[in-house]
Amino acid sequence: LTTPGKSAPAVATTTNIATSTPDDVTIRGKSLCRDLIGKVTFTEMAFLQVMGSLPTPAQTAVLDACLVTLMEHGMTPSVIAARLVNSSAPEAMQGAVAAGILGVGSVFVGTVEGCAALIERVLASSDTEAEAARVAAEHRASQRPVPGFGHPLHKPDDPRTACILRAIDSAGLAGRHVAALRHLAFAVDQAAGKHVTINATGAVAAALGECGIPASIMRGFAILARCAGLVGHILEEQRTPAMRAIWDAAERAVPYAR
Amino acid sequence: LTTPGKSAPAVATTTNIATSTPDDVTIRGKSLCRDLIGKVTFTEMAFLQVMGSLPTPAQTAVLDACLVTLMEHGMTPSVIAARLVNSSAPEAMQGAVAAGILGVGSVFVGTVEGCAALIERVLASSDTEAEAARVAAEHRASQRPVPGFGHPLHKPDDPRTACILRAIDSAGLAGRHVAALRHLAFAVDQAAGKHVTINATGAVAAALGECGIPASIMRGFAILARCAGLVGHILEEQRTPAMRAIWDAAERAVPYAR
Amino acid sequence: LTTPGKSAPAVATTTNIATSTPDDVTIRGKSLCRDLIGKVTFTEMAFLQVMGSLPTPAQTAVLDACLVTLMEHGMTPSVIAARLVNSSAPEAMQGAVAAGILGVGSVFVGTVEGCAALIERVLASSDTEAEAARVAAEHRASQRPVPGFGHPLHKPDDPRTACILRAIDSAGLAGRHVAALRHLAFAVDQAAGKHVTINATGAVAAALGECGIPASIMRGFAILARCAGLVGHILEEQRTPAMRAIWDAAERAVPYAR
Amino acid sequence: LTTPGKSAPAVATTTNIATSTPDDVTIRGKSLCRDLIGKVTFTEMAFLQVMGSLPTPAQTAVLDACLVTLMEHGMTPSVIAARLVNSSAPEAMQGAVAAGILGVGSVFVGTVEGCAALIERVLASSDTEAEAARVAAEHRASQRPVPGFGHPLHKPDDPRTACILRAIDSAGLAGRHVAALRHLAFAVDQAAGKHVTINATGAVAAALGECGIPASIMRGFAILARCAGLVGHILEEQRTPAMRAIWDAAERAVPYAR
């Protein structure tokens, strides 16, 4: 890794992602200065950083569609936590972002992974339609919601789902993951005896799967999208703080069914 | 550090707090197994861990009074953040506690440090009463609140302050820090032309100062007290979740003066 | 709760833990100012906050022993994270503590909960010894470690375990949870064909169980203990920073078996 | 906002960023489904979210260059914290990302804000060159480094700086902020009596300034870039964990000058 006449680079053996020399940083085998800055978008760079190679234009388009979809959805619990922390500790914006990210867990966005796992289970079966029916029946029997399906506000259909599926089609990436998601959707409707929407996290699960992104890291992309959303809310909180209004309202709120 | 016949202990040269051998852990020069477990309270152990020696009974009493005072104050922004994160990511309680702790910043509890800094400034002066008057006048002139003074609910006097001052007196620890706080209180009232309470964080600043705890780490004790408070709220959130009620209320809340 | 002539207190209906009036804070039905500050230790107050009633002296002794045990164990991953964050963002100590707490997850301290769940499974059985044997056999068959058993450094026996068990005995609290732990220990040794230590987290699981603390909140007490440990490391990091040394060492470290 | 025959949408009055109806999400006045998903890149969407309007192509190019530059720089303290937390609590990836983000504080990336503040000070002066000289002289006199200048590895010149300045030029955005940065660079060299590089954070401060992004939120964009970097390290940690190697190395590390 050393070049004669240069001082030895710092060799980082605990990671294979990047190495630095005085006059460049090499990331995933590419020169940051020659190949990346000014040459690739943030989305392409994020894909390179995580997956190890640059995305195709089709993968970039689909990943952009997913990240754009997940960035913002109003005053969510994650956003509220970030805003309260920011107005309590304005000296450290990183704390507010961190608090918001800590809310990107299993209940809301974690359904991306849950749905991706079901898609993988269906794809691993020799009879995908029968397996989808089994998945739906099992959830129905145990009265658990199927991850990636249903939405309290966006019904009968989550409008974001259609946009993501369209982006996958336009990119020419629709394949096994989308097919498995459609099998699941059919089976979920049959089991419920009514139409249940594929929600945005279900569509994202299929989309990221078609991009070759493993289920174990999908939550990371959701966190990335929400991170940008949180920064927007923190600037708004800096300018027109909602902390005291939220605090007052939370103190007075009456919990359900108590 | 090694003993013949024993396997070599892990030698930690980046810290002087603790070392381990197979049959003991040595913390601040004391044997965890012989001297500490079953022998000291959590408060004594925390003082040892941070300050390097066990506290006197007087220091323990005053530190206990401060920690008990700061643990709980209802549905604060920090608590709301922790509860929202817990119900969003119940798989990771540590995330909920972390989110709550991130709200222990400069605005609320940071006033302990701010007041401690003023106490130190007064104590460094040759004429403490005149210096206290200067502090009060400066804050008055720039319309900034004096850290450790005033409270929106607990007025005319913060009842916790009297309790902490009484605990300091009972322990026989009242000294220069309490005297400086009283000089500041007199000067603040004079400058305001009316009575302004010493709040709990002002009393804690003097109390921890009398215990020999440096201002730079005082926030750590406030975080510790709040940590216990947060655990209580997380168990309540597990049993009777308030997340959806808080979320709904926050969405509908109307910010002040908008 | 209201006093004639005073403005109405803020009523917090989302929580039943505490309410405030201008001249007191009521926590779990007790007056903070009359009953708690200067009257109870931090450990007693933490038990009250979480469990809803003050502990007996026996419960206090056992809880103190557990918290003292878990506070400090040298330069752990959690401590390293806290120190790196503190030296990267010294403006916000709460961020350093939060980062350290985020490392109190399933791998290290989470074994408290894992062991508590096994104890509860054994206790729910009509034949506790047979159930303990089944637990050990199942883990052996799937080559999973039994939570609460084994330690890389503290062998053949974890010295902290004996201390905690002694504290439980001294307090007169040894009961069904300790008995179940001993059944498990016997069965684990039999299944392994050699002695495997009960480690500190196993002993803590039984101890907190004897105190009446539910498994679902046990991690909270571990977090509380580690919180105090982290504050000690942060003060040491303020005075003699180890961040650059850790950073350099981490860059140069060679992972196992790579 | 309501449509006849539909249930009323949730109206979020604590934020002006977004509102939802059953069949769309409106963000900054744009339809998520018609205008944004599949139409804009993540970088454009992030700018819209934070700044309130879509960026020009020039702004997008410069923002992409900054985000690409800041994403990855090897095994930094922030990355180490994230990896340690991930391997300690693999059940909650959001905790690992949060821990890493907590390390994006004043010491490393905060220099973006520090340099931006100096640029704003220079720009507010009637004689920008003289003001730049005063800034450099003040820092020299108090032996403080000038934020945005100097780098331990990347010398005599930080190669990333040239790339960012080139991206600003190519976009036609070079203006007052870049001019002020160049005045500062000249003055810093003069005061030091030798060449000191503008580092990447100095170049980013000027670049984001030319994009119209206020200094108070610049750290948010740095956090966003690092967030993507952290996700890459977490996937590598999932596959080839470095936690134990880092832990061992940290325990054995010898701090400087101790």
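Each chain gets a letter, A, B, C and D, in the order it is written, and its residues are counted from 1.
Quick note on the criterion: contacts are C-beta pairs under 8 Å (C-beta built on N, C-alpha and C of every residue); 3 or more make two chains touch, one makes a residue touch a chain.
Keep in mind that this is a model prediction, so the values were computed, not measured.
Visitor: Under the document's definition of touching, what chains do chain B and chain C have as common neighbours?
Guide: Looking at chain C and chain B together, the chains touching each of them are A, D.
Visitor: Comparing B-D against A-D, which pair counts more contacting C-beta pairs?
Guide: Higher contact count goes to A-D.
Visitor: Counting shared numbers against all numbers at the contact of chain C and chain D, is it over half, same, or under half, different?
Guide: same
Visitor: For the sequence-identical pair chain A and chain C, what is the superposition rotation angle on Cα atoms, to the nearest 5 degrees?
Guide: The superposition gives an angle of 180 degrees.
Visitor: If you take the mean of the Cα atoms for each chain, which one ends up farthest from chain C?
Guide: Relative to chain C, the chain with the farthest C-alpha centre is D.
Visitor: In whole angstrom, how far does the Cα centroid of chain B sit from the Cα centroid of chain D?
Guide: A distance of 32 Å separates the two centres.
Visitor: Can you give the whole-Å distance between the Cα centres of chain C and chain D?
Guide: 37
Visitor: I'd like the Å distance between the centres of chain A and chain D, where a centre is the mean of that chain's Cα atoms.
Guide: Distance between chain centres, rounded to whole Å: 21 Å.
Visitor: Tell me, which residues of chain B touch at least two other chains?
Guide: Residues 10, 12, 14, 74-75, 89, 91-92, 94-95, 98-99, 102-105, 240, 242, 245-246, 250-255 of chain B touch two or more partner chains.
Visitor: What part of chain A is in contact with chain B in the complex they form?
Guide: Residues in contact with chain B: 74-78, 80-81, 84-85, 87-92, 95-96, 98-99, 102-108, 110, 240-256, 258.
Visitor: Sort out for me which residues of chain B touch chain C in the complex.
Guide: Those residues of chain B that touch chain C are 10, 12, 14-25, 27, 32-33, 36-38, 40-43, 45-46, 49-50, 61, 63-65, 67-69, 71-75, 79, 92-95, 97-99, 101-105, 153-155, 157, 159-160, 162-164, 166-167, 170, 214, 216-217, 219-221, 223-225, 227-236, 238, 240, 242, 245-246.
Visitor: Which residues of chain B touch chain D in their complex?
Guide: Residue positions touching the partner: 10-14, 89, 91-92, 94-95, 98, 250-255.
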